[in-house]
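Each of the next two complexes has chain A plus one other chain: chain B in the first, chain C in the second.
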Partner chain A sequence: MDQALQHLVNGTVLGGTYALLGIGLTLIFGVMRVVNFTHGELYTFGAYMTYALVSLLQLDFFLSLLLATLLGVALGAAIEVLLLRPLRGADIDSVMLAMIGAALVLQNAAMWAWGGVAKLVPTPFGGTPLVLGPVSVMPLRLFVLGVACALLLGFWLLLERTRAGIAMRATFQDSETASLMGVRVGWVSTATFAIGSGLAAAAGALLGPVFMVSPTMGDLVGLKAFAIVILGGLGNLPGAVIGGFALGYVEEFGGGFVSTEYRDAFGFLLIILVLAIRPQGLVALKERVG
Partner chain B sequence: MLRLEDVSVSYGRVAALSGVSLEVRPGELVSLIGANGAGKSTTLKTISGLLRPAAGRITWDGAPIAGLPPGEILRRGIAHCPEGRRVFPHLSVRENLVMGALLRRDSAGIREDLEAMYARFPRLRERAAQAAGTLSGGEQQMLAIARALMSRPRLVMFDEPSLGLAPNLVEQVFEIVQEVRRQGLMVLMVEQNALAALSLCDRAYLLETGRVVRAGTGAELLESSDVREAYLGGRAFAA
Partner chain C sequence: MLTRRTALLTGLALPALHRTGFAADPIKIGMTQPLTGSVAASGNYVANGAKIAVDVLNRAGGVLGAPIQLVLEDNKSNPREAVAAAEKLVLRDRVPVMIGAWSSTFTLSIMPKLLEYKVPMVVETSSAARITTSGNPYVFRIAPTSEMEAVAFAEQLAKFSPAIRKIDFLSVNNDFGRGATEKFTAALQAKGIGIGRTETMTPEATDLSAQITALKQSDGDTVFLTTGVEQQTLALRQGVEQRLGKRWVTTGGSFPDALLANPLPAGNTSYHILFYAPWFPERAPYPAIAKAYTDEWNKHGWEFAGLTEGFRGYDAVLTVVEAIKLAGRAESEAIREALWKVKLQGVNGDIAFMKEGPAGRESGQNKPNVAIVTLSEGKTGLL
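Here is the complex of A and B:
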């Protein structure tokens, strides 16, 4: 029982960052119908930027997280303007190939810039775990969960409570009619891709210090982001949050009770099951963005 | 006043409009009638900026507006209530109305107009928090009209407002269109229901394969034999 509680806590921490990755990817698909293969690379980018700012520029850790996320937003905006905008109206295969190419370029750029050796990001959090009854958790991980939840909440408020958010959702649903209301659809696409990329970079910035930072860290994460999105249903924002936590728990409990070696396999097993039994995704909510 | 002079539009190599000229003068309700594919919706989409004319001039209060983005045309006072209602299905009724006022910055005025729309369409108030996709067809049409009015336009274009509605609702929709005109707005309406369109309007244009083939007052077009034959059920109608 104590062990289960511990896994529950660990799974929640992991699930929070997975949810960030998932909503970024599902948002981009929902608005732009773009299958974004660069998502994992933006995660890597966020992690390396945090490393660079903290270790090389000696900036404050928290400021570095914020800056790394903003740099992710900027990189996402650049990808949209330079690569996706000229391809608007192209068929989905061309866009997919272009995105795979961009992912390869980003990954090799990371390899070239930082070398293949994994880096460690120093943090101001101590190494002694907080012990709460039967559960112990590293303060850094609690911080990661807190920030992830704050970002999820902030993003939800942006989408539900602001005019920009309403305009964004309207554009997902019917971009031509949204343009008749005065929405600049091209601008919404750039903003969407930038925000989605920023969320991936934030996830990388948060998890980089927890694990190690390496050029290929985004590979598995990119794949998992797709898994989360498929779990929740493509283009389904609440679904991506639920899918993110579901994947976190399955990996944590599977890894803890069955086998650590197959930790990543449990997530994909879950996806195969979901695709076989409920191909529309775990949650079929009416609030689908796409 | 809105004026189109010799406007041509094509989809790829297919000409959709060839040399269309028409105008809507202050206070007027103008109808565009014609068969499917005659270019009625294309005309509206070109005015609202969704399509770019290949040739010709479009002026609004004397200023050229052809090729401006849809948002800029809306800002200048031309609203387009598109065919098939096109409400945002997963936004609430209230959010749909807010979308109509997206370009406005006067939040007090927007609140006032929301209240006015709810007063005019009590069903929308009852369902303000509900997703627009759950409304009936008639309610969605009311919402689409209200949304177009939320921008405080001077000219409203209605594309097939009666399409797919039950007869009693069709009547209601035409009443609303007339009400809009009585408030001093200009109206440009595309309608399949030629009899209704011609009876309501001040003037009308008949489009055939992308050209204006007849223009005149509603009464004149109602009297003309080719309009009767083609769009009003032939001679039997006259009897």
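Here is the complex of A and C:
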């Protein structure tokens, strides 16, 4: 029982960060119909910016997290304006190839700038875990979970309660009609890509100090983000949150109770099952593509 | 007439000529290491060790009257990339001899290419037994096998207090991790130690919470951790988070140096099987050689703890250059034959190859020395 409780806590913490990863990716796909292959690299960018601000510039840890996220927003906006805007109207294959190219450039730039050796980011949180009965968790992980939940809530409020959110949702549902209703679809695309990128950078900024920061840290994360989005349904925001937590729990309980050797395989087994039973994802409605 | 362009080119060339002072073309040594990817820290340390060995040897006159040139290729912590790197070194750079490739998986993936192109390779790190027992006469390993490491560790069991009674494993799921688990199980079982759980992780995994929670269920007192520097650091940190409460012993010669500057809380002591302990050069088999290597490394301002793995590259270059000297020419087959005659003093101790593997197709295997270093609150000690 103690083991199950510990796995439940671990899975919740892991799931919260997965949800944060998934939501940025699914938002960009939902609004722009762009598969963002730079998602993992933006995650890496956020982590390195935190490292640079905290370790090299000696800035406050919490301020660094905020600045790293804002820098991620700025990088995302730059990618949209410089790369995606000229390709607006191009076929999906061209856009995908451009995004894969951008991901390779970003990863190699990180290798060139920081070298291949992983870095640890110092934090103001102690190294001693909080003990809650039979389970324990690091204060840093609880902080990350709290911030992830706050970001998810803030993002939901932005979408549901603001004019910008209404514009995004309108573009999400039907960009042509939204444009006819006066929504500046081009601006919405830039803002959406910037916010999605900022969420990826925020995830990197939060998780970099939990793990380690390296140029290739985004590879596995990018793959997981795609898994989460497919699990929840492409372009579905609640689906990304549910998919994130589902993946966290399946990996944690599968690894802990069946075999750690196949920990990652359990997540992908779940995806195969979901795709076989509900090809549109756990939450999304059926949609005709093409 | 001396044009501006000629003067500029001469100006650029002069320092290079002054630096080398050699008339002959350089003799190339190929090296492939994981300079990026999941085990990049170790690969960079080994590459740095090789670079300073080349600098030291070139300052002393190079080999056969020619300067030594290290041609370094990144294998990106990936076996497919390791093969591509080896092919590039042989086919494009035309190196007569190679050094590589850190992980057993990368080394094993390259080995068929050594046979195909008939180029010898000095293996500086990999520990899987198959590397020297599979019948590849182009392989010469200066690193210990997992079995050598396990046997050497078993001889030091009495130094642990409280005594080790039952062990668990957390190993990276590749040839390196599986090989170490198998050999440490055999060596320690023979000493009457109980064997508990074995948990594995992919080389890229960063969240090890499921593995550590599972290990917590075992009544073992010690966990043997086999993986690269990055996952060692993560496992030790996450072990504290999960209140694992067991002794960690890392295998394979890597050291989680990030924990020197960012130590674990008081009361957490970990043990590390290393092949060179740079904090105690006076305890090395040849202190003068160890000190020269350590001083040269420190001149570059590189991370001190990288010395624990950098020596592998340093000793590997010394070995290859000694073989070239004995061969009298930089040709693959002559170097391969000369490697059997190498008798050298390195940072780790004596380097000489004994035969392993099927008769007629033997590989060379060195018998290195092993040290156990403790790490507690950012401070190291020698067990």
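One rule holds for everything that comes next: the second predicted complex is superposed on the first by the 282 of 290 C-alpha atoms of A that agree within 3 Å, B and C clash if a C-alpha of one lies under 4 Å from a C-alpha of the other, contacts with A are read in each partner's own complex, and residues count from 1 in each chain.
Heads up, the rule we're going with is that a contact is a pair of C-beta atoms (placed from the backbone, for glycine too) under 8 Å apart; a residue touches a chain by one contact, two chains touch by 3 or more.
None of these values were measured; they are calculated from a predicted model.
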Next on the checklist: For the overlaid complexes, name the partner, chain B or chain C, with more touching residues on chain A.
Outcome noted: C
Checklist entry - After superposition on the shared chain, which partner residues are touched by A:L234: those of chain B (first), chain C (second), both, or neither? => result neither
Checklist entry - Looking at the overlay, what does A:V183 touch: chain B (first), chain C (second), both, or neither? => result first
Checklist entry - Touching A:D219 in the superposition: chain B (first), chain C (second), both, neither? => result second
Next on the checklist: So in the superposed three-chain picture, is A:Q3 touching just chain B, just chain C, both, or none of them (first/second/both/neither)?
Outcome noted: second
Checklist entry - If you stack the two complexes on chain A, which partner ends up touching A:V250: first (chain B), second (chain C), both, or neither? => result neither
Checklist outcome for this item: Both chain B and chain C touch chain A at residues none
Next on the checklist: Can you tell me which positions in chain A touch chain B when the two form their complex?
Outcome noted: 163, 166-167, 169-170, 173-174, 176-184, 286-289
Item to check | chain B to chain A touching residues, read off their complex | outcome: 48, 50, 69-71, 74-75, 80, 82, 86, 88-91, 95, 98-100, 102-103, 131, 133, 147, 151
Checklist entry - Of all residues in chain C, which touch chain A in the complex? => result 34-38, 40-41, 43-44, 74, 77, 173, 199-202, 204-207, 209-211, 213-214, 216-217, 229-230, 233-234, 237, 240-243, 258, 261-265
Next on the checklist: Applying the document's contact rule, which stretches of chain A touch chain C when the two form their complex?
Outcome noted: 3, 6-7, 10, 13-14, 111, 115-120, 122, 126-129, 131, 136-138, 141, 211-212, 214-217, 219-220, 251-252, 254-256, 260-261, 263-264
